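The chains carry the letters A, B and C, assigned in the order they are written, with residues numbered from 1 in each.
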């Protein structure tokens, strides 16, 4: 039985990792058709970097992700930090809205926003994309930060109050600093997911709004271009750095303790 | 997580939230009574207004212009920038966005029936041909199409046909009609590639069933859609890239594609034969359209610039298309201008059915195509 | 110093206005950009479209709904549902096995394995999915392999290809919650069972799988619900031939400007999602129901103490 488990697990890992290996390998593959190994080359990387379409798309992705992250971090931190002081109904409303937003498929939210934006007078472009992504990103941010807030030892707060600090002081000097690693981690994760977003961007962008994922999608539709693999590797590097930072800052690598014999 | 959603207080708060949402929606709905949020098109079409400057948002196919034309134009007119949105999709699918947001595009490449739809929607910008002298080089017959009946909206650039290209060395059976092709598709399943374009695909179905091109009958169109859906599993690839080129590396043995696409492949492999089926082929006449809300003077200047015969010839030779400007032929290679693929003999001309605007029936084509894609 | 026995949960001294002020941006944002759109979708779904003017007429017709319960729209929904269910069905055993291996691993190895599971998240989703074209495409590894064996098989543009892409994309979402559940299974209990001679399969059946059940349930929803509305995977791996609900939605809303039909499709997807939640609730209720036990002989305490 134990070997069966290991074999099945191996298949699972293989399915998750195989495409990534393929991307990395083919990013250096000189064979244009990618059907076989054609020798080592880095010219796909230089092609990708030289491509002005790719560069401007990357720039737009960064711009949008930064705005979404900033907006979500502010709204989300406020919501989480003050949650404990809010009336019950506000707490429940917040948590219901958070859960539903995280669960609902993105196409549903994006479809609704396509209908709403013209009514509010917005023209499709960077603004609508940022607003659309923030709806979901705030919920995501709250979920991450909320988990951390829930694990916060209340007795520290109580101790602060007992020692005579006002509630505001407690908030500013005890709660917020404790939340800070979570805020940073949440921000980095939000940035990564926003950078990677496809659905909301496709639905809500204007004629000239092209992010990196939508550019890649457009090129995939036109035919398989090998330099996409190089772009993928570059994005991988950036994401790895961001997520490594998030993991280190939040101080949490792997939940759980010693290897258990179950 | 699931528990939370069913707790009574959660349901109450969700209801409260919905109330808030409804209020917001009502507020939003008060704004306008229809979905056209963009400003309605201006009544007048002052085409010669203004200096030549601005950004032209140009929607077209990738590479569907001379290699250096845009860059050279921007040098000649430094106050103008041409921003190309190169997408393989058809212009028809951009219309909802254009209707909702005037000025999102300034200029587009489109077929005649698409342009007529744009005119009806009120988003097309009339052009002042007196400010575009190079239009005189375009062959008259293309300029005086019904599209330009009420005003000069359309600048023709090329036309083409949707037919069959076959690797005769790999397909011994003769193919002379759509019926033949449909019958053989099962045998060569997976190796029959189709160029994906809404109206042409449905029209191929219409022709195979014996109906005319430009049929406006809803049940005929639906039947055509059903016929194409039935054929769909045999289609190796349904796309917009490399359809004829697949014949070269034998991924495909039959490709249903456009003449310019087939022409390029035929040059590289003499075994490829271009066939105009006996029921006829759908054909398009396409060109440029200016849209309201854009820098019209700049757009006219750009179109005019690109219509100079030598530059127009660059476009033609770059894409191997059938041109609409005889005056440019002296700049083109003989193989192109004398190609029977691009310029069929007078006997074959009877098989070429240009797709026209069919009014409300256009909706039936759209629906049939959407169903075909969804199946 | 002793802490008081009972604490109120809410610390009142921060003025209510400030608290509400801080919480409201989130609520207003959600109300305006999440709830209002859903309401709008519902309203639009009862309208009709004038094709030649692209105007939506508000009304109360159900023509869009009667359109979507017929083919091929209905088939698109069924296909999407089928693929979502199949994705969950494949992710469950794979995710379970992966989590079990991670839980059993030594701490150092566990970190490495965890990184392997998280690694896919560290790449662009669309690039990750596109990567499968290298394997599933007409000139890809599988195609070349099967061509050598006789008949070239291209999985790109088929339902199977999309299923593979989906499983690859969603497997981490299943593995993580299952890991959380499995890591809570009592080590002593399992060791005791082993000592008493229980076989591996018995341990799995009675201890491990039930232990992982909460995680599997969460994972099933985290995978199944987004999978039913998935847009990217069919767009990349469908090769223009396979359309699922997400793509159909986009086509109707953006390309055809058919807001009523697109909205009806969206409502259909919402209904699908609610159905899945209901099914999950029912399964959970069935699972938690106390099972009938054979009556156990209880000593008559009255007789003993009298």
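Going forward, a contact is a pair of C-beta atoms (placed from the backbone, for glycine too) under 8 Å apart; a residue touches a chain by one contact, two chains touch by 3 or more.
Note that the coordinates shown come from a computational prediction; the quantities given were computed from them, not determined experimentally.
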Q: Per the contact rule at the top, check every chain pair and give me the one with the most C-beta pairs in contact.
A: A-C
Q. Where centres are the averaged C-alpha coordinates, which chain has the largest centre distance to subunit C?
A. B
Q.
Distance between subunit B and subunit C based on Cα centroids, please, to the nearest Å.
A. 38
**Q.** Computed distance of Cα centres, subunit B from subunit A, in Å
**A.** 37
Q: Can you check how far apart subunit A and subunit C are, centre to centre, with Cα atoms defining each centre and the answer in Å?
A: 17
Q: Specify, in ascending order, the residues of subunit A that touch 2 or more different other chains.
A: 88, 93, 97, 115-116, 119, 221
**Q.** Junction residues of subunit C, two or more chains touched
**A.** 27, 30, 34, 36, 38, 40, 44, 139, 221, 240, 253-254, 259
Q) In subunit B, which residues are in touch with two or more of the other chains? A) 1, 5, 17, 28-29, 35, 97, 100, 239
Q | subunit A residues within the subunit C interface of the complex | A | 1-2, 5-6, 8-9, 11-13, 15-20, 22-23, 26, 33-36, 74-76, 78-79, 81-88, 90, 93-94, 97, 100-101, 103-109, 111-116, 119, 131-132, 134-135, 138-139, 142, 154-155, 157-158, 161, 166-168, 170-171, 192, 195-196, 198-199, 202-203, 212-213, 216-217, 220-221, 224, 228-229, 231-232, 235-236, 239-240, 243, 253-256, 258-262
Q) Quick one: in the complex, what on subunit C touches subunit B? A) 27, 30-32, 34-36, 38-40, 43-44, 51-58, 71-73, 75-76, 138-139, 152, 154, 157, 217-218, 221, 239-241, 243, 248, 251-257, 259, 277, 280-281, 284
Q) Okay, in this complex, where on subunit C does subunit A touch? A) 3, 7, 9-14, 16, 18-20, 22-23, 25-27, 29-30, 33-34, 36-38, 40-41, 44, 93-95, 97-98, 100-101, 103-107, 109-111, 113-114, 116-135, 137, 139-140, 144, 164, 167-168, 171-172, 175, 179-180, 182-183, 185, 187, 190-191, 199-201, 203-204, 207-208, 211, 221-222, 225-226, 228-232, 235-236, 240, 245-246, 249-250, 253-254, 259, 262-263, 266, 269-270, 273
Q: Write out the stretch or stretches of subunit B touching subunit A in their complex.
A: 1, 4-5, 9-10, 13-14, 16-17, 28-29, 31-32, 35, 37-38, 57, 59, 62, 83, 85, 87-88, 97, 100-101, 104-105, 239-242
Q: Over in the complex, which subunit A residues touch subunit B? Could you list them?
A: 88-89, 92-93, 95-97, 99, 115-116, 118-121, 123-124, 206-208, 218, 221-223
